[in-house]
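Labels run A, B and C following the written order; every chain starts at residue 1.
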Amino acid sequence: MENHDHSPALEIHQMTVNYDKTPVLWDISLEIPRGKLVGIIGPNGAGKSTFIKAVLGLVQPISGKIEFFGQPLKDVRRRVAYVPQRESVDWDFPITVRDLVLMGRYGRLGLFRWPRAADRVAADHYLETVGMSAYAHRQISQLSGGQQQRVFIARALFQEADVYLMDEPFAGIDLGTEKILMGLLRKLKNAGKTVFVVHHDLNSVEEYFDWLLMLNMRLIAAGPVAEVFNPETLHETYGKSYSLFDEALKLSQHKAKGL
Amino acid sequence: MFAYFNPYSGQHFFGFLLEFLKRMGLFFTGQLSVNDFASDEIQIIVLVGMAASAALVGSFLVLRRMTMLANSLSHTILLGIVIAFLFTSGGLLSYDDARPEPININAMLLAAFLMGIVTTFFTEFLTKTVRLQEDASTGVVFTTLFALGIILVTLFTRNAHIGTEVVMGNVDALRLDDCKLIFVILGINLVLFFLFFKEYKITTFDAGLAKALGISTVFFNYLLMSQASLTIVGAFRAVGVLMVLAFITGPPLIARLLTDDLKKMLLLAVGIGAVASIFGVAVTRHILSVHGVALSTAGVVVCTMLVLFVLAVLWKKRGERVNRQT
Amino acid sequence: MESPLLFFTDAVLRAPTIGSMLMCLAAAIVGVLVFLRKQSLLGESLSHAAYPGVVIGVMVAGALGLEEHQSSMIAIFIMMGAFITALIGLWTIHWLVRKLRFRSDSALCFILSSFFGIGITLASNVQYVYSSLYRQIQSYLYGQTATMTDIHIYVYGIFSLLIVLTVVLFYKELQAMTFDRDYAKSLGIKTKPIDALLFILITLAVVIGIRSVGVVLMSAMLIAPAVAARQYTNKMFVMFFLAGLFGLISGFLGNYFSVELNNYLSLKYPTDRLVIPTGPMIVMVASVICVVSLFFAPERGLIVRLIRIGSFRYRCMCENLLKAIWRHSSKKEISFDEIEKYQSLSPIYLRFLLWRLSMSGWLEKLDANAYKLTVDGNLWAAKIVRLHRLWEVYLANYLGVGAERVHRNAEEMEHIITPELERELTLLLKDPRTDPHHQPIPPRH
């Protein structure tokens, strides 16, 4: 194994993602060093979730190169953990809290293997870390929003990865849980991990993150929060000056459908 | 009573169509009476009428994503028909020595209507009150009621093959009374769609706006379901309960491929259904005349619809390719 | 009436019985996955799409000169044909949804009915060309197990085992993918091939099941056992087990009742030669199990839930009554009429509740018309009032709700707040003495 000690946690070259011949993410290039807490912000429909999915290979970009620690995702999957949006999950599914956490290592175990004793012990440990040990055998539908999010984080921690990609982990949860989770994320960063968080609340950006990605179909800015988080970039990200662009996109959508 | 001499026997496909047009001309100029209709003509009339109803109702069902509910209805209606059969003295399917009277139209319509309400009610009950997911609710309701229907119908008619006939229909046994039933149903459908076209349109495409305007989506769902029940029961003797679904989904889906406008889609769907029906009867006659094999007319009509579907897809793909080049 | 054990040993009866049980087991196992993916109606389309394959299988068998008595060989052709057309149907549905942008329900119904129509057309041909084999096709419409032989047990048994084994081997992948496909992909699970494998399993289960349950009703055996199983457990593993069990029971009882009924009918109407197909009987058993589970399963059953709701409402009414009495005159007696003045309950029901409360020791009935709270009644009422007012403080001070609006919500919450929650509230609010309406909050006991 080559020594990639100084390669960036995530490096993207000119990534474009389409949905039905319409670009959703356009020509994104960036480089994120290790050990950062990275906030991803942008208006609704700006492609933030798509960004995470594209980087994870869940959605195929039509162009671009994506590398983690200087290698393609398929070689370093073990080092990347995904926390999906809470609303995308079927909470009525018959599974207990602890079993949900155990899912985090299914990829690592590979086919035809079952979770081992060490895995169960680790799962219990991470449930303890997020304060959900009492709920280990509870059915997930009985959890509140904040509790569900904590279990998701426990699962991610359980994967013991080096990069974490979290899609709106703070959506719809109470402030107390948010603070607890933020504390956990800071611990990760201090341990040298890189954490990406799709975030929706501009007020807490400066307090939470040290790096920022500002997305609105294109990458408006990427860099340390202090440099990048200012009125000009905010206006570019959230402002209306790109409505012409939107119209043009809509037209191209129609053309592609033959209308 | 049909004509003793069937003018279509022995005809080839084109001969059939010519003969049909000639006789229709005679009919419309008053020279041919309704009582002289040959069985093939009755088949065409019933199938076309049924296809028209099914196309109209089916278009809205497809657009409102209620086709699975229609599938459910087409199964549960058997139970309603069995119950109607028990309470009346009419026969169920083909000419039956034990029950020589024709079907009781009113009983059938009432049974269908009630069954539609019952099915929708049970499905909603399972979904809303018992909190079962919608796909499973639909599945449980129609399989249970249909299983019950099959057991009862086999027991009460003491006919072991009735299960098969119910599902395939018996186009050759159609008579003038069936035409009457079909046209009553088509009439009801046309009237309701004409009266409530705007409401149906709004509740289909913009439920929020409908609610804001005070138009109840729930009411129109139930109305549409009732119309679907009537249409299905009308088709029961001709094509059997299961193939009705092809008439309900096929023409509207084909029409949808060809147009985006609701009115055009409705007209096209009716047209496609009618054309497939006429074609199907003609082809069946042709094959009987030329090869001596009596295929199921209903089945041939459905196959025709499939062919039309493939053609429509090819047409659309060609259209897209041309568009992209401009 | 025959002894049930005979069904496993008798040379004629055991093949249908064991065969059906194995088929229904496979269908139920696969049905759990289909249910959890919320694609329960897929089985319906697959079984109808299999029908033309059944007919084609018979046509090929006929063309090869097979005779009616070579039913096992014919069965193999039928299975292959059914499998192929079902897969074609499945592929077409995917193509319609993905390439032509059809809604999934339209695609399912269109394929279901069109393929079935093709099947009917072909069957009508077979009726004349290979008329002796036509009966073979008919038995696949609603299922007819009576003519199954031991060879059928082996063939279907092997496939059932294959299905169960595959589900066991790929258990965790299937669980992860069904729960959250994207997440499973992110773990590196190869979702596309496993999906394909799952669809093949579903098709296989449907194809082997249609001999006993029939094409028209097959979807029931994928849905009913899974629905029933879900009512009893929150663990997917147990769900598989229970569904399989229900499948086995349905297969057995369905056959049992079918045979008994047919025997009875052949005695009563000997000339009609009436035979009820097995499919509807198996489905009826499965449906009864399903409906009973939906209503009476402990925890999730509807009746059980309604009882729980009823008893909760009853408790709320009692608490409200005690609260009202406490507020009015906690130490003194109170007359019935005074109680009635402030309650909206009917007098009869009110008398009943008061009687129940005095029976349980919360109230004391002094004479015909006067009641007084007992010490315990006092404590309980005070606690409810405390919870009510604590909650009002929380709403007003922490969530900024206006004092005029807190009462309504507190009326509900006072019955729900648990002791743990009460402890946390007391801590958080620093044990307040008065509520937003300046009324005193009873202290903790």
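General observations
Following the convention adopted for this analysis, a residue touches a chain if its C-beta (ideal position, glycine included) is under 8 Å from a C-beta of that chain, and two chains touch if they have at least 3 such contacts.
Since the structure is predicted, the reported quantities are computational estimates derived from the model, not experimental observations.
A simple rule picks the central chain: find each chain's mean C-alpha point, then take the one closest to the mean of all protein C-alpha atoms, which gives C.
Taking each chain's centre as the mean of its CA atoms, A is the chain most distant from chain B. If each chain is reduced to the centroid of its CA atoms, chain B and chain C end up 32 Å from each other. If each chain is reduced to the centroid of its CA atoms, chain A and chain B end up 51 Å from each other. Taking each chain's centre as the mean of its C-alpha atoms, chain A lies 35 Å from chain C. Annotation for chain C: residues touching 2 or more other chains are 38. Remark: chain B residues 62, 65-68, 70-71, 75, 126, 129-130, 132-133, 135-136, 138-140, 143-144, 146-148, 150-151, 154-155, 158-161, 163-164, 167-168, 242-246, 248-250, 253, 257, 293-296, 298-303, 305-306, 309, 313 touch chain C in the complex.
Within the complex, the chain A residues that touch chain C are 53, 56-58, 74, 77-78, 80-82, 84, 88-90, 93-96, 99-100, 103-104, 106-109, 111-112, 114-115, 139.
Within the complex formed with chain A, the chain C residues making contact are 36, 38, 169-170, 172-173, 175-176, 178-180, 182-189, 230, 233-236, 239. Listed in rising order, the residues of chain C touching chain B in the complex are 35, 38-41, 43-44, 48, 100, 102-103, 105-106, 108-110, 112-114, 116-125, 128-129, 138, 141-142, 216-217, 219-220, 223-224, 226-227, 265, 269, 272-277, 279-281, 283-284, 287, 290-291, 294-295, 302.
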